[in-house]
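Scrolling down, you'll hit the structures one after another.
Both complexes shown next keep subunit A, but they swap its partner, so subunit B is in the first and subunit C is in the second.
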Partner chain A sequence: MLFTQLFINGLQTGALYALIAAGFSLIFGMTRIFHAAHGATFTIAGYIFYECYSVLHLSWPIAALAATFAASVFGVLLDRFVYAIIQRHEGSFFTVFVASFGMAIIVQNLIAMIFERGAVTVSTPLSKSLEMLPGLYVAPIAAVVILCAVIFFMALQWLLTKTSMGIALRALGENPTLIEVYGLTPRLLSQYVFLIGSILVVPAAILTAATSGLNPAMGNHVMLISIAATIVGGVGSLRGAAMAGLILGMAENLCLSVIDPQWSEAVTFVILFLFILFRPGGVYGRAVVS
Partner chain B sequence: MKKLILGLTLIQAAWALPASATDYAIGAIFPMSGPNAEYGQIFGAGVNLAVEHINADKKLSGTLSVIYEDSQALPAQGVTAATKLVNVSKVPYALSAFTGVSKAVASVGARTKTVMVNGGGVGPDLATLGEYFWNTIPLANFEVRAMAPFLVKDKGFKRVAMVYVDDPIGQSLLTDLGTEVKAAGGEMVGNFSIPTTAQQFSGIAARVRDTKPDVVYIASYGNQQVQLIKQLRDNGISQPIASYSAFSTPSVLTLPEAKGVYFSAQQLNLTRDDPLTKRVVADYKAKHNKEPGAYVVNYYNAVLTFAELASALEKAGKPVTGENLLAQRKATKSFEFVGATVSFADDGTIKAPIQINEIVGDGTTKVVSAGK
Partner chain C sequence: MIAYLQNIAVLFCINAILALTLNFIMGYAGIFSLAHAIFFGVGAYATAYIAMHASDSLLLCMAASAAISAVLSMALALPALRVRGEYFVAASLGLQVIGVTIFSEWKSITGGLGGMIGIPRPKLWGYTFNDDTAFLGLALVVLGVVVAIIALLVRGSFGRSLMAIRDSESAAQTYGKHVNAIKTLSVAVAAGLAGVAGSLYAFYITFINVESFMLETSILLMAMVIIGGTGTLFGPIVGAALLMSLPAALTYLPFLPPTELGSIQQIIYGLAMVLLMMFRPGGLVGGRSKEKSA
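Then we have the complex of A and B:
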């Protein structure tokens, strides 16, 4: 029964990791910007939802909308007023990374100043486990997490493959110079990518607030998961990010049946290391031309 | 003309005299960012109040100030901060926190003869870090000695499972709890170590449930302990939860899932009828709208200790150095602290009665076992 329990926990954690990684993978794959402030977007969305739902007692759809709005505004403004300016002055990949990293630190400290430095949680009956079978506990929120992941990935897949905007975004990831020949503006498309990538992180932030709680410094963990899932899944592949998130979450939980919990997080990095060594392109990766 | 020259000479002579007032700076190596920043905020509230009182009372000839450095509760960052405070700011006295950080900075203090004072970390081996390392908080071995009999004998919880963070405080508590539970007639049915960065505990909950414990003891701190309590409760751990003084933070005390949790902490007598205790309680309440907790009091006392020692050294005409502060502490039999009159033992620690609290909810606690 322990294995079944860990399998279900792994499914929930994996779906959450997939949602967390999707936004980062999309942004990095399409714009080649190492958006280190992706964790900050996650934290902002989580705290806005917490403030609206738990403190101001607004209904959850309104709180979720407020979180989506805040995350979107942050992502788009960061792209427009930080990344775009650095790129206009031909700043290097590293310069953009440092700016993004700095922004993540600023956001972490601002949130600590506004919301205090302690952890906060969103209480909901959905996170309370029910005993389905003797020794097997499942929380209703597990189904919500998995359902959310499926819906968001299907919607994203549809957007990227069936709409002209999605095709343009994929073209941006392939060759940003060439798309200008077709009358498209890479800068504008970049903002759409940040808008979608920032929205993608919102369900994960809300569900994390309800399952494990929020703290101002949690963006670092989000980034670790995002980077690992992007590399394992293959840069630029959303299917890959989803699959990698699932693999990492499952591995983190299933390994508990055989090893000490202390090493469960290390399993993530062992997987990452193995992929870098033996399959650097990731699960669904393709050759990257630098 | 002669008077003018005499006047000018006197003015020049007066200017040439050494200043009678000396300003002092002490260091504070606290986590100000990262997942344990909540503690830094609490510790800082105690330090700032003490500095405010000391300067208002003109306890020292000059002004006392604090130079804060961010350790992020990480030993390496702590050593960098301590080195900066000692070598650049030249402080004779610095405050530290967290067992791992304190153990790391103690060597800097011993090497440079700078006094390091801990008021927050409770690892038992903090009593063995040399004579330049002092503690104004009773250490965890005393807490475990009070908690284990309470759980096993008073409550009848014979089977104890433990989830502990894999760092010096977690390891210390693991050793001490194992010994004390066995001595009280109970047994440890499972020990689960977690990394300091872990945030997902549903799998741990499954492993803990499998051991069928009567009580779960948590040895973690900071934001992680909040996540741990919530996820254990959400994932079917209905057994009582117990822990140590790190649970006395607002985020734990206000967590709905933490209702009914037991934690040990030093006994604070804030109703003590002395002007110092009354003043600290009143002023802290006025600023923060609540009574000061143990951490606030411990760091207030740590700063007060410096002021008492530095004042005595000034009166004796000696410079305020780490060496002289240590000698003066050894020569001082007792200190009037907030809530108690205390003495430092030879190993630089203090002792205080330990009580068991139960979290009632909405940020409040009740004492379920009086200080022993």
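Then we have the complex of A and C:
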């Protein structure tokens, strides 16, 4: 029974991780920007939702819209006014990474100043666990999480394969110079990537707020998870990121049946470390030239 | 007041050593490690354990700390040999998280979350560094030695090989450089000297726990190197001095609410990182966009 319980928890965590990783993977795969501030986007979306829903008592669709709006504005402005300027004079990945990291630090501390430092939880009618079978507790929100993940991935898949913008975006990931020949502007496309990537993080942020709660420092964890899932899954492969998110969430929970809970975060990173050592291309990735 | 300044000066020496050694692999070898705090921690824990259980001899503890850190740095060198750029940053982040978990959970050696209390001050040739002024002298001497070692390595053929590898690995290999050996060695040197800094820290504070060796410390060190200027000898020292004096300076500004000082300080770091990367990626000391892409 413990195993079933952990399996269901793993499925829920994994679906959340998959959603988180998808946005990062999309941004990194298409624009090659190591967007460490992805965690900051997540925190902003989560806190805006909390403010609108639990403090101002607006209805949840309005709160979700506000969160989406805040996240996409943050992502697009960051791309437009920070990354674009850095890329204009040099493209070193580390320069962009440091700037992005600096941004994440700023957001984390601003949120800690505005909201209190402690954790906040959004309580919804769906968050309460029900006893499904004797000894097996599942909150209805787990189903919402999994459903959300499936819907968003299907939408994203459709966007990337069936629309001309999606095809242009994938071309951006393949060869940014070549797409200029076809009369497209990489900078404009990059903003679309950030828009989509930032929106993708919103459902995960809202659902995390409703399940395990938010705290200002959680952006770091989100960033670490999205980096791990993106690399384990294979850079540029959305399917890989989703799969890896699921694997990491599962591993983090299933390992609880063998070891103490304090070690569960380390398990994720041992998996990441082993992948980088032995298969840096990830599950679905192409070979990495070292 | 004097005691307060002395305290800052000792911590500055320790941070400057860490920034220098991090810059050695970041600026010269192009290995962007976000796990530097782990080697700092390994050195501190090694010294604490030896000083409390075996001997409080300064030289013995420092040498042991350096050796253990250098050996454990193979965990960082391994991915550095296989992958570059983003992948290595990810690997070092992973190592940082794993390291923190080990520090806080391996209770029999590290004392768990509570840490280790009551580390004795070190002895050197029968003299015990109980006096903080004497300890400042010791810290300055160690800092001087580290600067000398790094300057020597960087100016010599080893440094040129490192920079050649940073700029083009395949070209360096064509010229008959042993890329893997040089990379491994540079990581070991940086980690070993970071271990020395950890040893000093443990002896000075006489209490350590995992809080000092978290991701935040690694990021702070990275900020010191970057704000000062990567790939320059004195950049990291300037960066360390700036970032160490910032908290002290902020406490003198009366209009800031004292409870938010920590956050304001962090926001200033973050802002400095973003603005420098946008307008002066070479850092304060370094020239404009001198750095090559990884």
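In the analysis below, the second predicted complex is superposed on the first by the 285 of 290 C-alpha atoms of A that agree within 3 Å, B and C clash if a C-alpha of one lies under 4 Å from a C-alpha of the other, contacts with A are read in each partner's own complex, and residues count from 1 in each chain.
Just so it is clear, contacts are C-beta pairs under 8 Å (C-beta built on N, C-alpha and C of every residue); 3 or more make two chains touch, one makes a residue touch a chain.
Everything quoted here is computed from the prediction, not taken from an experiment.
After superposition onto subunit A, the partners subunit B and subunit C occupy overlapping space and clash.
Of the two partner chains placed around the shared chain by superposition, subunit B is the only one that A:T121 touches, whereas subunit C remains out of contact.
Of the two partner chains, subunit C is the only one that A:F34 touches; subunit B does not reach it.
Once the two complexes are overlaid on the shared chain, A:P261 sits against subunit B while remaining clear of subunit C.
In the superposition on chain A, contact of A:M103 is made with subunit C only, not with subunit B.
Of the two partner chains, neither subunit B nor subunit C is touched by A:I167. In the superposition on chain A, no contact is made by A:I151 with either subunit B or subunit C.
Contacts of A:A112 after superposition: both subunit B and subunit C are touched.
Of the two partner chains placed by superposition, only subunit B is touched by A:L6; subunit C is not. Residues common to the contacts of subunit A with subunit B and with subunit C across the two structures: 108-109, 112, 260, 262, 265-266. Of all the residues in subunit C, the ones that touch subunit A in their complex are 32, 78-79, 82-91, 93-95, 97-98, 101-102, 104-105, 215, 219, 222-223, 226, 260, 262-264, 266-267, 269-274, 277-278, 281, 289, 291-294. The touching residues of subunit A, when paired with subunit B in their complex, are 2, 5-6, 9-10, 12-13, 108-109, 112, 116-121, 123, 127-129, 131, 135, 137, 139, 211-213, 215-218, 221, 252-253, 256, 260-262, 264-266. By the touch criterion stated above, subunit B contacts subunit A in their complex at residues 33-35, 37-38, 40-41, 166, 192-195, 197-207, 209-210, 223, 226-227, 230-231, 233-236, 249-251, 255-257. Considering their complex, residues 28, 34, 82, 85-86, 89-99, 101-106, 108-110, 112-113, 220, 224, 227-228, 231, 235, 260, 262-263, 265-266, 268-270, 272-273, 276-277, 280, 288, 290 of subunit A touch subunit C.
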